[in-house]
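So the structure is just underneath, and the comments pick up after that.
Just so it is clear, A, B, C, D, E and F label the chains in written order, and each chain counts residues from 1 on its own.
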Amino acid sequence: MVYLTRVEHFNAAHKLQNTGWTDEQNVAVFGKCANANWHGHNYELHVTVKGEPNPDTGFVFNAKELGKLIKDIIVEQVDHRNLNLDVPFMKGKFTSAENLIMGIWDELKPHVEKNGAQLHKMKLNETPNIYVEYYG
Amino acid sequence: MVYLTRVEHFNAAHKLQNTGWTDEQNVAVFGKCANANWHGHNYELHVTVKGEPNPDTGFVFNAKELGKLIKDIIVEQVDHRNLNLDVPFMKGKFTSAENLIMGIWDELKPHVEKNGAQLHKMKLNETPNIYVEYYG
Amino acid sequence: MVYLTRVEHFNAAHKLQNTGWTDEQNVAVFGKCANANWHGHNYELHVTVKGEPNPDTGFVFNAKELGKLIKDIIVEQVDHRNLNLDVPFMKGKFTSAENLIMGIWDELKPHVEKNGAQLHKMKLNETPNIYVEYYG
Amino acid sequence: MVYLTRVEHFNAAHKLQNTGWTDEQNVAVFGKCANANWHGHNYELHVTVKGEPNPDTGFVFNAKELGKLIKDIIVEQVDHRNLNLDVPFMKGKFTSAENLIMGIWDELKPHVEKNGAQLHKMKLNETPNIYVEYYG
Amino acid sequence: MVYLTRVEHFNAAHKLQNTGWTDEQNVAVFGKCANANWHGHNYELHVTVKGEPNPDTGFVFNAKELGKLIKDIIVEQVDHRNLNLDVPFMKGKFTSAENLIMGIWDELKPHVEKNGAQLHKMKLNETPNIYVEYYG
Amino acid sequence: MVYLTRVEHFNAAHKLQNTGWTDEQNVAVFGKCANANWHGHNYELHVTVKGEPNPDTGFVFNAKELGKLIKDIIVEQVDHRNLNLDVPFMKGKFTSAENLIMGIWDELKPHVEKNGAQLHKMKLNETPNIYVEYYG
């Protein structure tokens, strides 16, 4: 079993806000991330598939095709977007890195599997110093 | 003459839009950066001062104090903010990296000089693959 | 289950020395790391907690609070210190990266758990090319 | 149990080509990677061993010796080489990152074990955005 | 005057060889870089243009268009190629990083100027630890 | 004129202390950097030479030889050392990054020139966020 990872990037705006809370509660929990006028990040997304290398190619999966899949299915929806307002799969969710990686997982998984690969793991950097990992 | 650089970071939302243009013109020039609902970046700011090392300290300038100055004067104003809406020194300007670095320069320069340092250069990364540099 | 990681940094001096050995034995095993007058590193510490996102926040744990915890409990004790001389939890231990990550784990774990998070993993870079990982 | 990783680098040429296929088939699957005249990469190899720290040294394994082992056994064979033509352990294999990491694993494992360490994992970056991982 | 830089990447094979020299002379000067069967690198190219920000856009030059120009004119010619065999503008030249950056400069300059920008500087990383810079 | 840079690394201990000052004065100016028991860093040194490429090699200077020179003359003296106690060319100086880069410059310059290269610039990273540059 070999694990192959492809990294893609996107830039997006968001804010962290519990609309059922007062402004004071939001600032107490989310701090500057609750700024009403949004802030944003350069996100870095790692997508890992696993399998046995194909004897005809030496590939677990074609890394170029994996990149195209991530760009078509995910980056197209989130890059230069507002995660709270513009992204169908995040509608009604807090746009924490945790929820975002779970949303991306659910969105990408069927497309990866339809192409014959087994999705193993995702890693999402919100900043160089904060990242989340998810295995489904 | 030795050049000392301190790097600080901030995360902000913005959009690129010429309000005197139609939506079509904005998209033609700014592409996805014109998204009405904003997008954002992890910005990385390098501030370079120059001078002769002080014989009592070996410092051109105290790097910790330079960091504090950048945080107090700049990061406080732009971190987790909307560059178009929340930042006084960017009011009425396009929030391109070019204009942003010029605005940061004008904002920080008097504070650096008041502390006895000579501002030499700034570098601002909008993404790992796009950056601007400015010498005043 | 989502895994959230926060990265913090510290700069410290240390040396590798078995005081029960001769200088020759120490140099044979530890090489330049045995230099009696110390050397040092910029350490990079990754702390990973795991859990289900909280439905009120979307967070497994508040990344800002995790950063504050690491800084208060660990960085405060080791940053700009001598790991062999100044750090209570390393007293009497070789200051290898292996022992250091185990010491940091034991020191931080109760504080993370007291705050309701589940400590999953730590990673510690001694240099860009040497790192250790620990799961307790 | 602590995991210790040492990173080493090498630069090599290769191409991806199924010699049982037509040129059209090769380009369809491998794209530019099938260029007959080769292309190349700066590879980054992470080798992870695991164990209990030795009470006499605090080491799971001596990181310097691990580096020497990787350089002697692997880098010596692949650095500034053509992976398809010059490397005995890749003879007759597609030089995909997947096959390369499996080849490196088989080549290095007996030497690591002979030196008393337990090989746990390898990671190989072909580019900053494509990497493979292998656990044997 | 503001300086705007765009970074692009390409992967290529090459070798360093003076065909007027014996093999011994080539190895004495070029070492492993003279390997007859080629080696390769992940090159990183920084292209810097300079100017006054345009009052209608805030741009010195459109970074997206600069990226497209670099990809169309340079990356298309060198990515996944053999610098000695496949690249017209390097024909008959040693493929040192020095000659490569000078060749890229001459190739890209007229296209940048035709698009109204002033080429200021290029930087080319052959490895993370070796890079060249050129101002024309 | 082309500029060629070679990057090398070293790990060292130091402290910042004006022995003519009280402890209070030292802490007021140098903060944690004045810790009597030392701290340390992973230093990253960039050495830039300039010239016309040699028509027989395409090189401004042989990057491998430049690396060897930096290792023999500088890294050998400072790696895994105490900059205040062990390094002859820093004797009696504050071991600020500013003084260190000036000391390295004076130490390396004659050796670079003796080998026929023109030293242009040095850059020294003390941490990823603090660096100094020097042109002699």
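Heads up, the rule we're going with is that a contact is a pair of C-beta atoms (placed from the backbone, for glycine too) under 8 Å apart; a residue touches a chain by one contact, two chains touch by 3 or more.
Note that the structure is a prediction, hence the values are computed from the model and not measured.
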>> Among all chains, whose Cα centre is located farthest from the one for chain A?
In response: F
> Going by the average position of its CA atoms, which chain sits the greatest distance from chain C?
Replying inline: E
>> Only C-alpha atoms count here: how many degrees separate chain C from chain F in terms of the superposing rotation, rounded to the nearest 5?
In response: 180
>> Using Cα averages as centroids, what's the distance between chain D and chain E in whole Å?
In response: 28
>> Please tell me the distance, in whole Å, between the geometric centres of chain A and chain E computed from their C-alpha atoms.
In response: 33
>> Can you pull out the residues of chain E that are in contact with at least two other chains?
In response: 31, 128
> Can you list every touching chain pair?
Replying inline: A-B, A-C, A-D, B-E, B-F, C-D, C-F, D-E, E-F
> Where on chain E is chain F touching in the complex?
Replying inline: 16, 18, 29-31, 93-99, 101-102, 128-135
> Which bits of chain F are touching chain E when the two form their complex?
Replying inline: 1-8, 48, 53, 56-60, 62-64, 67
> Given the complex with chain D, which residues does chain E contribute to the contact?
Replying inline: 9, 11-14, 31-33, 35, 37-42, 79-82, 85-86, 127-128
